[in-house]
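Here come two complexes built around chain A, the first alongside chain B, the second alongside chain C.
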Partner chain A sequence: MPSSTLLAQSILSGLFIGALYGLLGLGLSLSWGLLRQISLAHFALAFLAAYLCYQLSHVMDPLATLVIIVPLFALIGVAIQWVFARFRVSPFNSLLVTFGLTVIVEAIIQGIWTADFRKLESSYGAAKFKIGALYVPVPELMTLVAALALAFGVHAVLRHTDLGRALRATAEDGPIAAAFGMNQKALALGLAGLCAAFAGIAGVCIALSYTLAPSQIYAWIGVVFATVMLGGLGGAIGPLVAGFVIGVSESVTMAVISPAWAPLVSFSLLILVLLLKPGSSR
Partner chain B sequence: MNIVRRAMIGAIVVASFAGAAFAQQPSGTPIKVGSTLALTGPLASTGIVHQLVGEIYVADLNKRGGLLGRPVEWIVKDDQSKPDLARTLYEQLITVDKVDLLMGPYATGAILSAMGVAQRYNKLLIHHTFGIPNLAKYEGHFPAWSLGADPANTFNNTLHDALAAQPNPPKTIAVVTSKFPSIHFMALGEREVAKKRGMTEVLFLEWEFGNRDYGPIAARIKDANPDFIYVGAIGLEGNQLLDALKKIDYTPKYHFYMYPAPGPMATSPDTKNALAATMFEEHAPFINNPGAAGFVKAFNERAAKAGLPYTSVETQAAASWTAWQMLEAAVTATKSLDDKVLIDWLKKNRVDTIQGKLRFDGPSNYGDDLMRVKQVQNGKWVVVWPKSVAAPGATLQGP
Partner chain C sequence: MKRTVAAILLAGGALALLPWLRLPLFYESFLYLVFHWIVLATSWNILSGYSGYFSFGHGAFFGAGMYTTAALGTRLDWPFLATLPVAALIAAAMGVVLGAVIFRVKRVRGELFALATLAFTFVVGTIVLNTPIDGGPGMSLASVAVPKLGPSVPGTFYLIALSLAVATVLLAYLIARAKLGTGLFAIHDDEDAAEVMGVPTFRYKLGAFAISCALAGAAGGIHALFVSYVTVGETFSITVPLSVVLMSVLGGTRHWAGPAVGATVITALLYAFTTGDHALVGKAVFGGVLIVVILFMPEGVLGFLVARTRGRVEPMLGAVEPPRATRATRDIGHDMLVARDVRKSFRGVQALDGVSLTVREGEILALLGPNGSGKSTFINVVSGHYRANGGSIRFAGQDIADWDAHRIARAGIARTYQIPRPFAHLSVLANVALPAMFGAAALDAREARRDAHRWLEFTGLAPYAHALPTDLNLHQRKFLELARALASRPRLLLLDEVLSGLTPGEINGAVELIRAIREQGATIVFVEHVMRAVLALSDRLVVLDHGVVLAEGAATTVLSNPDVVTAFLGTAHA
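== the complex of A and B ==
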């Protein structure tokens, strides 16, 4: 059996990576659940933001890049949504179109930064502190804090504000919501901008902790989709909790059994939940 | 009279230079050499290295008169890092583009695909970096990467020779490895070799290629605290593991990475004394091999111009250059483009390359294992073992 320190450190590691799953899953869950768009481009946007953060970090603090990245990506999200609305892209077609967008963004990234690995070197990279026997890396902690803040913030907005109610009502039944005076188009544009901005924030978190390569866009898709399915579509807290469950399960599997078994965890959990509680992801 | 004589001598000299230059100009129908490379997709960061090397070589070859006096045209297609696509494209190169000769792609999966096509058409296939020698069954394939027929045994023994020569050789080992095919069998071989060499294995771990979280793996290594970590890593995996070890304040003692991304591993502040396998580095005695110095200079410049973060020549670029040297040597010696003739010649002859003299008369057309042990020292890779090819003054640095 692993030592308690090893187990605790692994659980901590699982919480950190789970937070990133949740953060990436937040925008995906909202666009899937409320806009009825399955946006694979969410991952491409996150990596584009990571590369922008890497580039801008040569002239400014990596965290300060959020000032540029968040509004820029919100605009990109709005623009994509405008095109989708203009051409009435269906949920299934959105999957195909956003896959195409992902390939284009990957090619753009490769064209600008080459396919070689890029690593953001900053003072945050090596920053860490100790709690008892456990090491807490600062970049991962920042990701955790961002994921918690955004998830609970979005949850509060969706549950307790008129805007949130309008968004949920529009997702539930657009024509009826419109009949009650809700501007469906404006709400969709705003929400798409928000989702893309979340992708931007996730991208900055990725840049702070990971080495970048264009093809890594695809490495996250499977597990984050499982996170979103497990956490439920259209929610904010669900994907985060699912992210934690998957992240910690993977880490404990790595610590107790073998790292080779870890990739099976997310999809095994998903299958289990779908079998035991069908419809829970809707 | 004197003036006339001088003028005549001058005219003869000029004419002879012009004649020589004229003789070096290739003419006639170009010889088409076809290949695919991973120019996009997950292997593209290395694919571009092979592309640059091919471009430099072909340009240089044409300057030197081409092949058999004819210019060489290199047709390279993007296999998108997909072995299935590589298969289709090689088929196209033979049947549609009607290339005269093939040059192999990069990476084991794509090479294996190309090998199947080459076998079907009885074409010569010289390839760059094929990682699993015992999978190469076609008699017309020739490896430019001289790792021998059984590298899991021969190279790992070379590595242990290097460690055994240390004042305090490691006694315990952790073998942690990606399940990437050309890495995994090397790590399994290492387990056997380490056992035979009397090391105690304190940890063995495997992970799937593409693993994202190295935290728990690092925690288990720290828990086991081995004298030597053998990391079956390819690409960035080694850096990712070292990042995770750093986050829990663990500095490995002796640590080896099978095929790391050379740039990130050499230049990271956390990779001090990391060991890896190589067959060429930019220093003596390698640089003294025929043509090596000129190639290194040309590659450094082209790589910088292409925006590559790591511009040095190491295994990948050297294997690529070697492949072209092998093709040129075979065609020049046989004065033929007939694949069967070229295959027969390569089987029976040795080729002078920047790696040294290569032979192909062993099992699966493999010759000697010329893999060496290199180490990150002062932000650069230097070969440290065997001593005969170590960088001047370089020795393996311990913890």
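== the complex of A and C ==
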């Protein structure tokens, strides 16, 4: 049994990685739940943003790149949604189309930055401070703050504004919502832009904390999908909480048993939740 | 049907000669990969494409096969070919265990099923990695001898994979044409309605899953020796499930040959574009091709081609007498259905609060009551769509309250849905043929189609036999519901507001139709708000209110009962 410090440290790092799961899951959950699109390209966009951040960090502060990345990715998101709406892509076909997109983005990344590992070097990179016996790395803390702020921000908008109500109504029954005067098309374009912008922000967070390689795009898919499903589609707080649960359970398993067993815990948890959620049997 | 089977076997036989043509070895290895993916994609499609349960767990079963062959071949020195049936069996057993749990939970459909199976893959992978099965470093099959079947080692792999591919495609074709396939396609469109029409959905899904997993396991066993080194990271990843989904959807999941077409195209594209000097450009082009194909052919290549050839109408039979709606054994006046104290609640709402009523052989019983009084719930409980929380329902001497819906359908109860629920991707004819196969009539496929034609004549839908249900208007879809219920040749017919939403003229036609059904001797319970039809048709009335029987008897007595008047019109405030 590890010491209590080690345990506390692993819970903390679980929260940090969980925040990133939640942040990636947020965009995925919104587009899946509200637009009925399963966007594999979300991961590719995040890594594209991470690489852009890496590139731009040679000339500017990594955080300042958000000024460029967020609007740029919002535009990309809007463009993709425009195509999806034009062709009325079904949920499962959206999986395929965005997979095609992922392959293209991967090829672009590999073409520009090669398949070698890249690591963003900045003043934030190694910065950390100590609370009691625990180390708190600054980039991870920034990810946590961003994830919390965005999740609660989106939650507030969805629950308490007309825009949020319109979005939820449209997701529930598009034609009826349209009959009540909601501009379904514009809402979808805006939401898709927002999701892609979130992918951009997640990308900057990834660039600050992790080593980048094109193949890494696929490494996150399984666990983030699990996060989204565990947290519930279309919500904002759910994916974040699920991210924390999965992140902490993973890193505690790593510390207590062995790193290799970590996936078993999170995915068994997921299967159990799927099977045992109330209202499940007839 | 025989011609297609012969064509598949002939193509396989011709391809089997290839290793003796002494082509460069590269062709055999490339074609091996094509066959490998044909097996994986086609086997995936048998459950997932046909029934709509998109599994992302195919990697788990494929991996189970790989590791079975690796373990048996290296640790126990089994000959390679002997390991393959075991690999298939273990993968199938895993599928059955997973399915037996997951198919019981109604909510786990669609994306949830995809995700649960994906998670299962990672769980299995983690277990393999951390137990002595693998232990971490992977397993080498260098010590396992490659059997000598072809003139060369690649030729041998080519032949083994070819045989499995031919067997898999053949199986996919036969299933699509068989009762199992019909049931799976119905599950795809509306699982609850399929169950109510007599499709044993749980068994069918489990059976299809077992076949699908067994084939994937066998493909895994072959591939283990082909790559000769297996690792968890390569095996239990998202690559296999993603690839098979891509291939099947690209080719068309509703067609038996779709996945094979998709697998061939994608393997060839990947090979053509990602090898050679411009691998990166090729990769991007591959992604682009995928996007364009899906955008312009959302039903897949074969779905697209089949849709273009639709409209070739097969010759229609002339007007014929409709078959008898009921099975012959009849005993007029005896109790057919006896419900005692039936209860059903939904999260605190007591929809049925102890309903007791009797339906007699040969009568038409009208079920009346204000909205929310429990009429439709009663129909849903009797037909097995919902399970009662309490009470007993005896039908022809047996308590059916706890039966699955498909068993109730086979016993001779058919129903219509208030809002028609046709199988959207099946033709009108196939929609009617399905209950004839699965319901009490239990006809074989050919008889069922012949019968279905007659029922379409009877309900006036014959001109639309080959249309899709979406092409019908509401009136026609209501009659389609009726034709489907009749086609199962029920002893008891439950009609849930077949007249609602129809124009007065259409109602007259429908009343005549129901009369004609009764002439043939069917027992009918119908829920209706159209009083004119109720008075014209019913022998007896039962009035429900707030989940209890308020009154029962002949129309004139029941309708002058003061309680009934109050329930419908409220109390007068004098």
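As a working rule, the second predicted complex is superposed on the first by the 277 of 282 C-alpha atoms of A that agree within 3 Å, B and C clash if a C-alpha of one lies under 4 Å from a C-alpha of the other, contacts with A are read in each partner's own complex, and residues count from 1 in each chain.
Everything below uses one rule, namely that a contact is a pair of C-beta atoms (placed from the backbone, for glycine too) under 8 Å apart; a residue touches a chain by one contact, two chains touch by 3 or more.
Here the structure is a predicted model, which means the values were calculated and not measured.
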Query raised in the report: Is A:A213 in contact with chain B, with chain C, with both, or with neither (first, second, both, neither)?
Result: first
Requested in this report: Mind working out whether A:V83 is in touch with chain B, chain C, both or neither, as first, second, both or neither?
Outcome: second
Query raised in the report: Just chain B (first), just chain C (second), both, or neither: which does A:A107 touch?
Result: both
Query raised in the report: Which partner does A:M229 contact after superposing on A: first (chain B), second (chain C), both, neither?
Result: second
Report task. Using the superposition on chain A described above, determine whether A:S258 touches chain B (first), chain C (second), both, or neither. Result -> both
Report task. Return first, second, both or neither, reflecting whether A:V97 touches chain B, chain C, both chains, or no partner chain. Result -> second
Requested in this report: Have a look at where A:I221 lands relative to chain B and chain C in the superposition and call it first, second, both or neither.
Outcome: second
Requested in this report: Could you tell me if A:L275 is touching chain B, chain C, both of them or neither one (first, second, both, neither)?
Outcome: second
**Report entry** Residues on chain A lying within both footprints (that of chain B and that of chain C)
**Finding:** 107, 110, 258, 260, 262-263
Requested in this report: Name, in rising order, each residue of chain A that touches chain B in their complex.
Outcome: 2-3, 5-6, 9-10, 12-14, 16-17, 107, 110, 114-119, 126, 128, 135, 137, 140, 210-211, 213-215, 219-220, 223, 247, 250-252, 254-255, 258-260, 262-263
Query raised in the report: In their complex, what parts of chain C are in touch with chain A?
Result: 54, 101-102, 104-108, 111-112, 115-116, 118-120, 122-123, 125-127, 129-130, 136, 237-238, 242, 245-246, 249-250, 280-281, 283-284, 286-291, 294-296, 298, 386-387
Report summary line: Touching chain A in the complex, chain B uses residues 40-42, 44-45, 47-48, 81, 179, 205-208, 210-213, 215-217, 219-220, 222-223, 235-236, 239-240, 243-244, 246-249, 261, 263-264, 268, 306-310
Query raised in the report: Quick one: in the complex, what on chain A touches chain C?
Result: 32, 38, 83, 87-93, 95-97, 99-104, 106-108, 110-111, 218, 221-222, 225-226, 229, 233, 258, 260-264, 267-268, 270-271, 274-275, 277, 279-282
